[in-house]
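Two complexes follow with subunit A in common, the first pairing it with subunit B and the second with subunit C.
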Partner chain A sequence: MFGLNGKDTLLLVAVALLVAFAPILMNPFPQGSALEIFNGGYPALMQRFVIFGIFAVGFNILFGLTGYLSFGHAAFLGAGSYAAMWMMKLLTINVIPALIFSVIIAGIISLAIGYVSLRRSGIYFSILTLAFAQMAFQLAQSVLQPITGGETGLQTNLNDPRILPQFLGGGSNVDGNIPKPSLFGLEMSSTYDLVMGPWTFVFNWGYYISGLMLLIALYISIRIFRSPFGMMLRSIKSNQQRLNYTGLNSRPYMLTAFVISGMYAGLAGGLLVAMDPQVGTERMQWTASGEVVLMTILGGVGTLIGPILGASVIKYIEDIFSKFNDTVLNIWFDFLPDGIVQDGFVWAISLFTGKQWHLASGVIFMLVIIFLPGGLVSLTKSIGDRVRRKPARDANDASTTPAE
Partner chain B sequence: MSILEVKGVNKRFGGLQALGDVNLSVQEKTVHAIIGPNGAGKSTLLNCLVGKLIPDTGSVMFDGQSVLGRTPFEINQMGISRVFQTPEIFGDLTVMENMMIPCFAKRDGSFEMNAWGSVGSQKDIVEHAEEVLEDMNMADKRNMMASSMSRGDKRRLEIGMCLAQEPRLLLLDEPTAGMARADTNNTIDLLKEIKDTRDITIAIIEHDMHVVFSLAERITVLAQGTPLVEDVPDNIKGNPKVREAYLGEAQV
Partner chain C sequence: MDSSKNSLMNAGLAIGGVLLFFVAMSSLFGMQTTVAQIVNGLDKGAAYALIALGLTLIFGTLGVVNFAHGALFMLGAFVTVMLNDMMTWGFVPEGAETQSVGGFSFGGPKETPYIEHWFGETTGQLIAGWSVPLSLIIAVPIMILIGVAMERGLIKYFYKRPHADQILVTFGLAIILQEIVKYNFGAMSIQAPEPDSLRGAMDLGVLLGFDEGAIRYPYWRLIYFGFAALVVTAVFAFLQFTTFGMVIRAGMADRETVGLLGINVDRRFTLMFGLAAAIAGVAGVMYNPIVPPNYHMGMDFLVISFVVVVVGGMGSLPGAVLAGLLLGVLESFASMQVVLETLPGTNQIVIYLAAIIILLTRPRGLMGRKGVMED
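Right after this comes the complex of A and B.
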């Protein structure tokens, strides 16, 4: 289907079903129960699952296929966000022109940064990209303040000088002084609540738009993985010297991969603004570049589904673990004898939750790297092998074969 | 007619004169061996031919065109393929994929954006790659990871990848270095077969005299960066200068 082989079609359909039913699947615990806090099925979080999924899928085209580790992709994420913001401020509140513009701007910037950075390989390439991203971040905070709004950031405003305020059904509804981004009049923030007994499932329009974008992004990624171009990218990772002595110029291949992954980042940045019309410079900070590296490695480098998985897990931990506070923990451990035992447990767990959620994600990251070097994707593989009573395959296998 | 002309090439690394006034002429459709003791400058010369090093002075002409200042992939596209001392293949790719990459390079040149159709849909490439795999007797290994093969098979694959490009000049850098006797003999047989069945010029750098004398039609002896003598194999065998260059040090 769509020019994909059976296995890839199955994968795409499976992801489509997961995206479609995530509002239900992510909300398994009824309201009022002790475990309700683990429910991830609210729009703000699910939007980030799919948006950062797009970011990581694009990053994986560069890192997973060619092995070139960029530490500067936050610059493209931020550029996409600013581009989309200005499109909404100056043209129309409709998200389509904003998203197109964010992809174009991120593509242009990644072309410039990639052209220079790709003169070096290995650690020097990583450092160059990091340097460029930090320069972009500093520029956004200082010289480019008229465009970026500096540390205060930007948000859409009713008084923005839009050329086409009513274009494509945009600009009708207002939240305070902030017009709501929409798609032909359908607001990104509009939701439908489905109440079933103690469960409330929230279906959000913006989430489904982002989810559709994720499916398109994944589909393009699959085609690239299976194409001669994708094979060339894998051969760069495997043996760049042989490629050059086989009459192929690795530079334009690398640059194309870099720009494609930059455009994915731009789309993700644009979507973030479309969902929540505000942006600050922190989106371009190096920690955001590091985060996408973690997502890709956590899920499985060079696999198709891994980056989406990794992005979801990290965003879930970020949101859910940071909600735990001492009150919540005390309720959970109420069954323990009062006093030192309960307090001890609460204290120990609270080290990894609340504001310290990074510690929890760090521990999980460490465990995955040590026990599942192929990422979370290799977990399904090793379980499958065990069920079929086959010896577990070499861990390297998972990272080099772009299956799944 | 000579296909490769090296004239007055000098290469210096700091205080070391690696190549001093090297002249070499490789005739079309012959097997030309370049031999010499360790440090004679064989590898430096080869690297000057493929664009990895640029000589300080002198000229290197391939088929009437200078290769100097060109990058390795440009020189390859001119028709020079290189086999490395340790087999350089795409270890993380299957044997079939390894073979398809040079086929793409042959068909599409140094860069072609081909990101939409699947690899398998390129029927002519698949056919071409399969043909070469058959020639190399590797068709049964087509789905193996290239890194999991024996050294002899890796060498065979690498030579096959070079042949898939139908180069006019095949450069071999000690193709049997570190190989077991059986693998060495297999490689010699393979190279003999290539020489007999294809319109190809082969330049081979080799240490192993057994390999050199079973293949070469002409031999250049290099010593201390300078060509000592160039002749047919039979004359090289008895040449006292060659004996001295090789054995002089050993007698100390």
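Right after this comes the complex of A and C.
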């Protein structure tokens, strides 16, 4: 189907089904139950699953295939966000021009940064991209304030021009309210609540639009992985020197991969704005670049599904863990003997939750790097192998070590 | 022979560049302003240099890219915060009266800090006032211990893994360390002040023959620069003139051969990791009165320190020190009012800009060796 082989079609269909039914799957616990807090099926979180999934899928095309570790992808995410924001302010509240423009702008910026950074490899490349991203972040905070709004950021306003005609989403306000991002009148924030007994499933338009984008992004990524172009990128990872000796110039290939991953980041940034029309400079900070590296590694570098998995896990931890507080924990551990045992448990867990959720993500991240270098995907693989009574494959099998 | 000639040439080039820079700046802004800005940038540059020195030591010996090094700098700063806090721990003496101002009582009876109780009021207050220099004494063993524990407990298992994995695991460790500090000390910046007698500023301009009041320079920043110079000299002397240092240098050049000679390189390299951690720690301790530390200061310094290391040349100790000072001075020039009016925002990006230009024109950095990190 669509030029994919059977296995890849299966993967794409599985992801499509997961995306489609996520509002139900992510809400397994009935309302009012003690475990309700673990429900992740609300639009704001699910949107971030798929949007950061797109971001990580794009990052994986660069890092997973060529092995070039960029520490500057937040700049493209931010650029995409600002571009989409300005489209929504100037042209129309319709998300389509915003998304197209964000991809284009991120592509142009990544072309410029990639052209310079790719002259070096290894850690020098990482530092160069980091330096460019930090420059972009600092400029956004100071000199580019008229464009980026500085530290306060940008949001849609009542007096924005939005010059396109009303039926295309133009017009500065609707009945005196700030118009919400929409697709030909279909608002991104509009939801349909399905109530089934104690369960409430929320279906959100914005989520499904983002989900569709994720499927398209994944499809393109699969095609790249399976194409001769993808093979070329892999050969860069395994032995760039030998590639150069055969007379091939590898730089155009890497630059293309860099720009593609930058455009993915721009699309993700544009979608973030389309879902929630506001943007601040923190989106461009280098910690955001670190986060996408984390997601890709956590899921599994160089795999198709890994980055999406990693993005979902990190966003889930970020949202759910930060919701816990001492009151909730005390209710949970009520069954323990009162006094020091219960207090001790609550204290130990509160170290990792609430405002401290970063600690949890740091610990999980380190454990994954140490014990699961192939990411979560390799975990499922090794379990699968064990079930089928095959000897577990080493995570670092021949495909990652360069041929001598 | 060839390599020593090469490094001599590099050093010559670097010194020539610095002189050229000085002359250009003097003709642009005038001698007095130039000297003032250079002096201004030296203390921050010294902090960059110290962190970059530690990073390079670790990289040169163990071949590990340590993203947790900024966190070690931050931990050092918080050792001081902790000690400063402990100085105020006290007890309520028997028979103490509730404090009152104009008939309003508040806060219960006045506490007497233990330190004043033990050493008498004057000595106790003196000790409490000197908490920053004093914490150097406890920071060094603590940081060496942390460094050794880090190397033995974690980094050791990552020698054979790719550089990306090393970067990522130390990045995770940095997150954990800074979250622990945030949990214990909160998210706000906490200052530990310098000793009273070292407060105030010195009129450096008069000493150098300029107008009075032209270059006013706080004592503590002068001390910081002197301290950094002392640490750097000590490290270089240690590596150059002791047998231990000789083995380390030999190990940096060819680890395998040194190992084959029957010398336990690993144990010495572990100690070097501890030493690098201690350098970052004391840099943090002494930086405390200049900028109050908060839990994410390590990350802020780390990004710049990496830029410094790369600009100086991966694996080159003199390069790291030189690049640190240079970038600090460059930043100070870019923060000048005149520069900001003509090119707004320069102060924010000049370091990164310099790094990009240097990496593109001199791929190995200012004083980098051939064959380091070029795979």
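Rule of thumb we're sticking to: the second predicted complex is superposed on the first by the 386 of 404 C-alpha atoms of A that agree within 3 Å, B and C clash if a C-alpha of one lies under 4 Å from a C-alpha of the other, contacts with A are read in each partner's own complex, and residues count from 1 in each chain.
Throughout what follows, a residue touches a chain if its C-beta (ideal position, glycine included) is under 8 Å from a C-beta of that chain, and two chains touch if they have at least 3 such contacts.
Quantities reported herein were computed from a predicted structural model and do not represent experimental measurements.
Trainee: Once the structures are superposed on A, label A:224 by its partner contacts, choosing first (subunit B), second (subunit C), both or neither.
Mentor: first
Trainee: For A:31, using the defined touch cut-off, is the partner it touches subunit B, subunit C, both, or neither? Pick first, second, both or neither.
Mentor: neither
Trainee: Which partner does A:234 reach: the first (subunit B), the second (subunit C), both, or neither?
Mentor: Once the two structures are laid over each other on A, A:234 reaches subunit B alone.
Trainee: Which partner does A:246 contact after superposing on A: first (subunit B), second (subunit C), both, neither?
Mentor: A:246: touches subunit B, not subunit C.
Trainee: Who wins on subunit A residues touched, subunit B or subunit C?
Mentor: C
Trainee: Quick check on the superposed pair: does A:286 touch subunit B, subunit C, both, or neither? Answer first, second, both or neither.
Mentor: Touch status of A:286: second partner only.
Trainee: Subunit A residues touched by both subunit B and subunit C?
Mentor: In subunit A, nothing is touched by subunit B and also by subunit C.
Trainee: Please give the residue numbers of subunit C that touch subunit A in the complex, ascending.
Mentor: Touch list, subunit C to subunit A: 65, 154, 157, 161, 163-165, 167-169, 171-173, 175-176, 179-180, 182-183, 299, 303, 306-307, 310, 314, 344-345, 348-349, 352-353, 355-356, 359-360, 363, 373-375.
Trainee: Give every residue of subunit A touching subunit B within the complex, in rising order.
Mentor: Interface residues on subunit A, with respect to subunit B: 3, 5, 223-224, 226-232, 234-235, 237-239, 241-249, 252-253, 256, 400.
Trainee: Help me check something: in the complex, which residues belonging to subunit B touch subunit A?
Mentor: Its residues touching subunit A are 50, 71-73, 76-77, 81-82, 84, 88-93, 97, 100-102, 104-106, 109-119, 122, 125, 145, 161, 165.
Trainee: In the complex of these two chains, what residues of subunit A are touching subunit C?
Mentor: 67, 69, 116, 119-120, 122-124, 126-128, 130-132, 134-135, 138-139, 141-143, 286-287, 290, 293-294, 297, 351, 356, 358-359, 361-363, 365-366, 369-370, 373
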